[in-house]
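So, here's a batch of structures to check.
There are two complexes below, and they share subunit A, which is joined by subunit B in the first and by subunit C in the second.
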Partner chain A sequence: MGGKMKREASISTWQLFFFLLQTQVGVGILTLPYEVHQAAGKDGWLSILLAGFFIQTGIFIIWILACRFPEKTLADFLPLLVGRVLSIIIIAFYTLFFFVVASQVLAIFLSITVKWAFPRTPSIVFAVIITALTIYLIQEDVRVIARFHVLMSFLLLGVLLVFLLMWNHLNVYYLLPVGSSGFKDILSGSPKALFALNGIEILLWLFPFTQAENKKKWIAAAGASLVVTVIYTLLALCAFAYFSAVKLTHVPEPVLYMIKSIELGIVERLDLIFLSIWAVFSITSFMSYLYIAAMGAAKMVNAKHHKKSVYVLGVLIVPLAVYTSNAETIKILGSITGKAAIAFLFAIPLFLLLVAIIRRKREGTG
Partner chain B sequence: MPFWRQDKGGVFKKSASENAAAITALTDSSDIKQRTFSYGKAQGILLYVETMVEAVKVENHVLQPLKENGSKKPEAALTVIEYEEAADHNDALRGLLRGKTLLFIEGNPACLLCRTERDTGRAIKEPMNEKVVRGAHDGFVEDISVNIFLVRKRVESKRLTVEYLEKGNRANTSLAIMYEKDIANPELVQRIKKRLESINAEIIYNAGQIEELIEDSTTSPFPQMLNTERPDRVAANLLEGRIAVFINGDPTCLIAPVSFFSFYQSPDDYTSRSLAGSFYRMIRLFSFFFAILLPAFYISVVSFHSEIVPRDLILQLKGSVEQVPYPALMEALFMELTIELIREAGIRLPTPIGQTIGIVGGLVIGDAVVSAGLVSNFTIIIVALTAISSYVVPSIEMNTAIRLLRFPFMVSASLFGFFGIVFALMILLIHLCKLKSLGMPYFSPLAPLRVKDLKDVFIRKTWWKLTKRPYDSKPQTLKRESKGRQWVEK
Partner chain C sequence: MKKWWTIIPLSLLLAGCWDQRSVKDLNLIFGVGIDREEENNLTLTVEIPQENQGTTSGGGGTEGATQQAAQSLVMSEKGQTIRDVAFQLDRRIDGALDISKLSVLMVGKESAQHDLYALLDAYFRNPISPLNAKLVVVDGRADEFFQKDFKGQTLYSDYFFKLIETAEQESAIPVTNMQLACNLLLDEGSDAVIPLISYNEEQRAAEINGSALFNGRSMSGELTTEEASAFLIMDNQTQQELPLTFRVKGEEDISVTLIDSKAKLKVSVPKNGSPAATVSVDMKVQAIEYPPQGLNKKKVTKTLDQQLTEEAQKLLQQTVQKMQEANSDALGIGRRIIAKDPDTFKKLDWGEVYPDMDIKVETKVKIERTGAIF
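Coming up: the complex of A and B.
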């Protein structure tokens, strides 16, 4: 480990932007309004904004840290900061975290799919197919993955279309008075939003692969996060202004129910189309997480290429996701990873940054 | 390795008859003719393959002048358009087999190769499968030099470079690569040369064989080299920094690197007005998705998501489908395969019978199959639309790719409905993102996204706005040497 490595595959700022965006926009689209509503009532959208603000701070910390080592991934610069043993432990934790998050994304995807569209198809079938096509992509280098993520981002237009179509059906009075739930409830809703907005930690891996000035990388990361926060907030606002507070407690996938009510004349059930778009977003974030997990795993065993670890993790993740794809487990694991995300987003990078400042480590000084 | 390089050729001796005997010892065939004549005081021998040479040329430009000008040196006497001295026996043999006449003079340890080939090529005609409404109507022929001539005539540039290669271990075939020296990326030129030089085949049959030997992925359904018989298409691609490969004996020119979207550009887009060109370009690209997705979409609607259909239509749809005892996949597969049968039969048969087959296949089967209750009439509509849209793409290679691709989509849709389509589409797009043509990204300029280059992809902007070459071939100079509409007063 260590030493200046030649990065053959590099991505542009825009590719970084969409990579992060596709990682963040995921399974949460459908359920987030319901989840934040449970905690913060009709002010749940404020929880999302708050979570978005948290994440911006996290990005800033990660950015300052990564700027000290612009040519190195987390796995490369960790040994310089905390020594070999501790660095392997930290990487192991990150890898485990990304692996579990990936498995959770898949589990949530499976549970919603079974509930909403394919009640009689065993969920292992979808798990295997999705993992297979994920492996097909993520065994490639970061550049190909980024290209694919950029391509898939055109589907965001579909989400925008939903806002347009919902416009006439919204009742703003459902939202008023703003902030009446109290700060404590709003705060308690934000870890749930944090899980949906999660994913920016992969910047620690992608930073050196991006060819741009450091400042532009920060703009890309912050911009991606901002766009995702805005999309989620708008979706939540739509859902809250469409369903009354009482109704919302009965619809766990408010976005789908909301879209279901739209009638276009050409397409009767728009929700089925939206579900397909959502599937793509879920799969892309699954891809990103599994890719970073595989990179971490490959680093831990000192493998030259992440291809083999992709296969191993792919085989492991299918049973894990299928086993955890019931509502109870998803809920428990979700709250754990939501809290763990805080550690991986703020605590560890902040700790590493402090170590770097105190020990005056920069790239080249190690 | 070609045969004349496999071993060292013998050297020529002073005796003409010995030299001629040495060559005829290497090849033995009854159409090899040997003629002896007197050249001044010495004796001369001509050796040629009767079936390969133009008899008049041998008579008028080789034999007669030599007989009449016995005092001159043979080089000065000959009136053929071109001659060269053979290096050794193998070199002479190679010339002989190509239709050259071998000239030996007694006392002179050398062999002159005189150009007397018979040139019987077919006329230059518009290619059958790349017809255009407006614009040039010439097309390549089987002769490589005619093809190069057709392109050179169009691109009168001093930097246009042609490089020849000889391939085929047993039977020799000439290949030529052509590129604009100061536009094409030298790394890519080296890459394609390296790949071509590595070819180790007994014989080169056609362009398809070359393509398979040098393309990046042979398992991909997509063609990674553009096959064209149109000189104007080659010329346009050369100026975009791409490299053309000509094969003697095949009217097809291979162009690399290309992107997926090159296959959807037709010369017609550029001859028609920009607005119309853009419209038809979009129709064509739309037809790609239509051709691979429509049957899959229909199958998933009928078997999974019929609630998506508007109320007024659903009764008719269900009513028509309910009468058919088979699942939608079987219906669609049956009809798609029937269309493929009709197509394949139509190609092989002579034109008048081919039309009959079309009528019998299309009208009779189509009508009877519905009234017999084997297939619903909605399926017929879908299959017909799919068939039409799969033939819209102006490249026969891409057309086959599309026709093959719709089958996995249909199967996937019948298994998982819309999700099946999404999965299949994702696999397709991942594949397109991974695929490379001569090492360059195949799905450019969409992946990697390059917004600047999109103006000649989904639309065709006006000529004078296309001032930059597309980036996917990494040209040396991105800027074109053109400035448009400078007469407009600002």
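Coming up: the complex of A and C.
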């Protein structure tokens, strides 16, 4: 493929770092400690670390694969590896996966805002406003989106502030003895953490847009994932050291619940402030997923620009998210996407890598 | 500037708000009292501050209106659940009741003795209820307490809140709120300590007179304020100040305040046998009143240190004993055993073991400062 398309806008390593970071840090912040606690008890934070380790291996696989095709996105190099038909199917699956995950993110966002802050506002209002905002941004090229993600990253400081505020109320003895839940339980908790840590697959699309040496791209991706894992683990540790074990089984959003009891002089409902910070993280990951889904969809129909597919997916996602924004469906879909994430993060890239190695495919050899 | 007109549809978006709750339509509850009744019913008492409507003369200017003390409305009602009663009350009051500004939640002593946590479910379930509200146990009934006459006070909840805050700062009661207490009520390895308030008939005033000890979810004993302070020392929870007064030899009295204290809890769990615990406390104090004076002499301070140590030891031991009698593991010894050896804890019947277990107290007091004079 000598006649390459006109090169789209590129992003820097730092932008890649924050893009991945914002995609990973999402709705999961609030619920993750509860989810892992259900499976692994007070050792749930080890499950998160374990999940973080899995993600790192996933990143490594994706990186090796992408290094073979440094100028191509997944959609561009797939036909070289597995042929036209299979490549369309794989792209379709990836597109569907990102679309469902985006809808899942929006659904969780809606259910939590209804529960915590806006019980009387119909959720479709939020769905429309957020989707409209998202469409407005993601019809632009990758650089614009990355800039927005970088800009919003200062809010991570707000998450770190939680630790400082909670410090006096933490009881380390709730965490001891470490590892008493047993390896099996800790392992079974990590798929739940995978959903929250999910998002690194978009590296398959962002890789060629990043202008840097391959090694630096890997550092950016691994670094972003590491930062997210550490933040999540700290949050879980914080929640576990704050709530006694029995209480934790009652609170599905432990992070908000924990912040609710803090008093700060003038500010009374700190949980609402945290909720708005969290809203930004949710929206940024919603944006990333929908953007990649739109890119995939555009590729499938051979569109020149992803603008139109953004509009179509945007219209489709609102009813889907509103319809699925109840606790039961979220749970069912969550377990499905959690399992699917393993396939899309490890299995498919690993399969493609093996094919590439066996068939000795590299950029230019096609 | 072609697209200026988009401002019009966009501004329509801004206007939508289903969840606004304007203060003018609300009746903010500042204080709540809960009592259990027979047949699983309960009585809810609420205190709502009222605006002074029509009480100011028109020509008096704004000064008069702001100077006047806020009035409050106290109402009680019986019903099946807290929210059931709240809706009943709502039908009697103009404007919706709103819990989001709650500052004090009081529970009658007898009601606290039978599962306090169950009474609070409504508040934990509602995301707008402020869980940093103070939780107190009332000596007597909560509804009667709100009906009492407090000299010079009009807004009772505010008065109680300030009373509790001061007592917290002077380490007479533990710093707690609904959320923090709830954690301990539900913990298998430690128990809650919640402030106790009572009415002083003679002075017509509310009085913090110690703390309620809990065994699991129910109140099972009481500590005086001195004992509560002693508990705080042993649990490393002391706040800015902690005054203690002892009678030492020669019928002399000395008041000291804590500068710094360190408490260490050591728990040993032998393989076969009952667990034992040791609390060692190291206190550095400042003399704030000692009429005989002469604290510059080594001999005087040495004997005083020794006597203070003895007296403090007595107080601490008495506190531990009371906690054991109430089967209230406020120091979290059970939690330590879980941390060390969760399997052993499972085998222990903690409710049976704790009251009789061996808890040693080791105390050391040293006068470090003497104030402006010796």
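Structure notes:
Throughout what follows, the second predicted complex is superposed on the first by the 359 of 366 C-alpha atoms of A that agree within 3 Å, B and C clash if a C-alpha of one lies under 4 Å from a C-alpha of the other, contacts with A are read in each partner's own complex, and residues count from 1 in each chain.
Going forward, contacts are C-beta pairs under 8 Å (C-beta built on N, C-alpha and C of every residue); 3 or more make two chains touch, one makes a residue touch a chain.
Given the structure is predicted, the values throughout are model-derived calculations rather than measurements.
Shared-chain residue A:Val246: touches subunit C; no touch with subunit B.
In the superposition on chain A, contact of A:Leu160 is made with neither subunit B nor subunit C.
In the superposition on chain A, contact of A:Ala117 is made with both subunit B and subunit C. Of the two partner chains placed by superposition, only subunit B is touched by A:Gln15; subunit C is not. By the document's definition of touching, both partners, subunit B and subunit C, reach A:Arg269. Once the two complexes are overlaid on the shared chain, A:Ser180 sits against subunit C while remaining clear of subunit B. When both complexes are overlaid on chain A, the residue A:Val144 reaches subunit B alone and has no touch with subunit C. Within the superposed three-chain model, A:His169 lies in touch with subunit C and out of touch with subunit B [touch as defined at top]. Of the residues of subunit A, those at positions 117-118, 121, 129, 268-269 touch subunit B in one of the two structures and subunit C in the other. Per the touch definition, subunit B reaches subunit A in the complex via residues 305, 307-311, 416-419, 421-423, 426-427, 429-431, 433-434, 441, 443, 446-449.
On the side of subunit A, the complex with subunit C involves touching residues 115-122, 125, 129, 169, 171, 173-174, 176-177, 180, 242-247, 250, 257, 260-263, 268-269, 271.
Against subunit A, the residues of subunit C that register as touching in their complex are 13, 16-19, 100, 124, 127, 130-132, 177-180, 182-184, 186-190, 332, 335-336, 338-342. Within the complex formed with subunit B, the residues of subunit A that make contact are 12, 14-15, 113, 117-118, 121, 126, 129-130, 133, 136-137, 140, 143-144, 146-148, 150-152, 265-269, 272-273, 275-276, 279-280, 283.
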